[in-house]
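I'd like to ask some things about the structure below.
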Amino acid sequence: MPLPLEEAIRGLVHDGDTVALEGFTHLIPVAAGHEIIRQGLRELTLVRMTPDIVYDQLIGAGCARKLVFSWGGNPGVGSLHRFRDAVTHSWPVPLEIEEHSHAGMANRYVAGASGLPFAILRGYSGTDLVEHNPHIKAIACPFTGQELAAVPALNPDVTIIHAQRADTVGNVQLWGITGIQKEAALAAERVLVTVEEVVDHLDPVPGQVILPSRVVDAVSVVPGGAAPSYAHGYYERDNTAYKAWDAIGRDREAFTSWLAELTHTPAPEPAGRGA
Amino acid sequence: MSTATWTSDEIMTVTASRSLRDGMACFVGIGLPSTAANVASRTHAPDLWMIYESGTMGASPDHLPLSIGDGVLADTADAVISVPEVFNYWLQAGRIDVGFLGAAQIDRYANINTTVIGDYDDPKVRLPGAGGAPEIAASCREVVVIMRHSRRAFVDRVDFITSVGHGSGPGERERLGLRGDGPVRVITDLGVLEPHPLTRELTLVGLHPGVQVDHVRAATGWDLCVADELSRTPEPTDTELSVLRSLTGAD
Amino acid sequence: MPLPLEEAIRGLVHDGDTVALEGFTHLIPVAAGHEIIRQGLRELTLVRMTPDIVYDQLIGAGCARKLVFSWGGNPGVGSLHRFRDAVTHSWPVPLEIEEHSHAGMANRYVAGASGLPFAILRGYSGTDLVEHNPHIKAIACPFTGQELAAVPALNPDVTIIHAQRADTVGNVQLWGITGIQKEAALAAERVLVTVEEVVDHLDPVPGQVILPSRVVDAVSVVPGGAAPSYAHGYYERDNTAYKAWDAIGRDREAFTSWLAELTHTPAPEPAGRGA
Amino acid sequence: MSTATWTSDEIMTVTASRSLRDGMACFVGIGLPSTAANVASRTHAPDLWMIYESGTMGASPDHLPLSIGDGVLADTADAVISVPEVFNYWLQAGRIDVGFLGAAQIDRYANINTTVIGDYDDPKVRLPGAGGAPEIAASCREVVVIMRHSRRAFVDRVDFITSVGHGSGPGERERLGLRGDGPVRVITDLGVLEPHPLTRELTLVGLHPGVQVDHVRAATGWDLCVADELSRTPEPTDTELSVLRSLTGAD
């Protein structure tokens, strides 16, 4: 049974949690991020390979204590000004950061999904990331002696993703660019999926990722829940919104107005076309 | 002779596209690298094989993707794979011929900073961070850097080594266990730099049309070495320019 | 351009090579195995998670010096008698064995495909496999101190798989149960793929694995090349053949007759329906 | 009262199927485990979720698969994943409730041998080997073993520990870092054994209809402990038998 988004966030996300909202430019769970802002959650450790505008908004709204990431920007547009303001001026609250490379983050999720405490990769060697991140260590191959990097598993308290469809028993189907979502979901203690629609039967689609219902704690029907990013087969990226964010995010006052508008706006209708 | 006029960004992008050989596997980042790769695949390198970190392999987009995860990449790809597969099975395994990188700062030894200007814990400017760059710089057979030339960007030592170029000089990449050759070329809006074969120090080897050595020296934050024989970048052809402009919407 | 199988084996497989023929009950490259027998290759290190009748045949024919594996049997039928005879009576030649669990073998291929020298897993702990296999070592997590198993990467000289289709430029497409084939191919120095047919364009299929042509050294068109295993969408498993093998493999004389017949049979026609 | 007659293999398989609870995630091996799981899913456990090591998850085969990679599993599965994913993302991650294992030998502490009878380097009988069993035994929340009872199979110490049961007794699994509970039940053609809560030694807790304790003792290669209260396995129902026989082709 799909849960209204408001109820799903209330049940699954708590102050102080480590929360990953994943989606690699595609299927970004923006509506869920906005609901986290509306519910005023605080002290979150936010995790995401590519924090973009919804993370800028969460940070600007003061939800986050810490950000774990590998690339933070407004893709194709420029910088994240709320993120910069938090890092350089602690506004509205200080933001601790822990940064990795994409390869490091991807492998941290893989280890988390695999029930392993760490992952190994050829990475970080010679970079200054090592000295600023205690979560990157050297490890020697027990067979060849080669030195590699080790990173700890990433196991969020909650992972939130957006998908095209779920069926009535809660199996989830996504396709197109599916990025790191499977691993981020399997690594988490709890999983919330917002979907475009619920259907009786998930017809197989080339390139699909299926998350069986037994690893999904809640499905919420939120049509358009990935906008202004896109949902392959449903709607396109709203590039104007990405560009428009630059001006809003750049200015504390403009952002504060945006935030006031968001938090006074009621949550989207929980039941979509498929519900 | 071309009668076209063109901007300094255009000559930079066209020059970058020329450094891609047909059939290469190219790891493409968004922005200038993606534009240059798409110019190459529409001109001299129709079999350029582009892999984007979002997981699309062998895409032939009919327009310039807006992001590294644009739907047009998935629609036209030979295959779409997961992000861990991109980094582990393709990049780390050493299957990529060339990686294109941009940078906020680059130094004498082509080390790259995309993390922070100033002190890490109290930065002047917080930049986007590493993304895929450290492992692209480590594992691609070669790396081409594209960035605009200025004293702020071309510095003696980067504030933060996000991605290793040639470290502190000869032998450093080997000592660090980095398997690719590292940056083999830096293409700017003024000319082309390459690491000196012995010292690994970035050396001016080519000038774009109309640019003088003094311009480049003035825009470089260290005492720049200049090759004995400087090449002069051929003007962009009409085809290159029209392809480029059809992609960027400048036509 | 597809190569005749005879030519592909001759060009890619040499005496003394480490060769993996993979396919998890589905798409087993049987015809390629038979061509290896016909060409009289020797001293091979044969690698396969689940050696079954084609490996029994290769071993009985004296092609192998060593077998690296995790489960050797005639699936659903019983034992591999040529394998047993080689291990217990060195007939026709001694067979060295190196054995793992499935999880260990799968992760060895993953490491090989990833350009890593080793893989880590929770496995082998407390089993007698450890003392009989120097390729299983303990490794401690540098963050938690937990002890895990390490296994070295597996990088065959040649991996051979069978797939449903290739296109004219050599991209390969397989679907249904795809097992460990992607990793086994990406881990190898050289890759040979036998296919049911070559088509102009690979229409996407749900659950497909694509191997881009740049990681494939040769494609040979061998319709029926996986029989008596099956090719999803093309033909079914010939269970009678699996059962019939039990009697042939059980007896050295019956096997010798079988072998004589195989090696006097000309290779299958190289060009199939799609060529 | 059932008037059916049945074989000792049938009561073994039916008893095993009863130990699967509806909704469980079950890691299924081919042979008796697969038959038992498919009986369960057609009788009391319609939502049993079967995962085969070939990569099929949630399959509902309409006939008994011939191998763990039978096409009918892929056709009817919720999803088909790669072999590394099965072992890493599902088994190793601790997502499987119950693993069904067979064995050539099992010992007093439910350690399992499927590798070799006799000396490893000079074996009397070479068996198929480990397959998925060591990690199934390590990582599933619980393990159920199905095998025919005989002195050759039920031995004091196995010749080779392929998969760890309860090691050498209490606390051993914890010391080895094994996260599942290990074998909780051994179902044979004579009865049911369970590890004693304190000693972890396999103890006879149930007898199939018509079997006496002495039969079981005679078929066990160590001095078998017997529970104070022995259960008597209920006869197979007509439904269980007809489902089982429709699967095995014995009808």
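In order of appearance the chains are A, B, C and D, and numbering begins at 1 in each one.
In this text, a residue touches a chain if its C-beta (ideal position, glycine included) is under 8 Å from a C-beta of that chain, and two chains touch if they have at least 3 such contacts.
For clarity, every value in this text was computed on a predicted model and none was experimentally measured.
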*Given subunit A and subunit B, the chains that contact each of them*: C
*Between A-D and C-D, name the chain pair that shares the greater number of C-beta pairs in contact.*
C-D
*Length of the line joining the C-alpha centres of subunit B and subunit D, rounded to whole Å*: 57
*Whole-Å distance, subunit A centre to subunit D centre, using C-alpha means?*
41
*List the centre-to-centre spacing of subunit C and subunit D in whole Å, with centres computed as mean CA coordinates.*
28
*Can you list the residues of subunit D that touch 2 or more other chains?*
88, 92, 139
*Where does subunit A touch two or more other chains at once, residue-wise?*
115-116, 121-122, 146, 182-183, 207
*Which two-chain combinations qualify as touching?*
A-B, A-C, A-D, B-C, C-D
*asked:* Going by the contact rule set out above, which residues of subunit A touch subunit C in the complex?
replied: 115-118, 120-122, 135, 137-139, 141-144, 146, 148, 150, 152, 204-208
*Where on subunit D is subunit C touching in the complex?*
30-31, 53-56, 66-71, 73-74, 80, 82-84, 87-88, 91-92, 115, 120, 122-135, 138-139, 160-164, 167, 172, 176-179
*Complex interface listing, subunit D residues touching subunit A*: 25, 49, 57-58, 78-79, 88-89, 92-95, 139
*Once bound in the complex, which stretches of subunit A touch subunit B?*
24-26, 49-50, 69-73, 75-76, 79-80, 83-84, 87-88, 99-103, 106-107, 109-110, 121-129, 132, 146-147, 176-180, 182-183, 207, 230, 232, 236-237, 239
*Residue numbers on subunit A that touch subunit D, as the complex places them*: 113-116, 171, 182-183, 186, 210, 212, 214-215
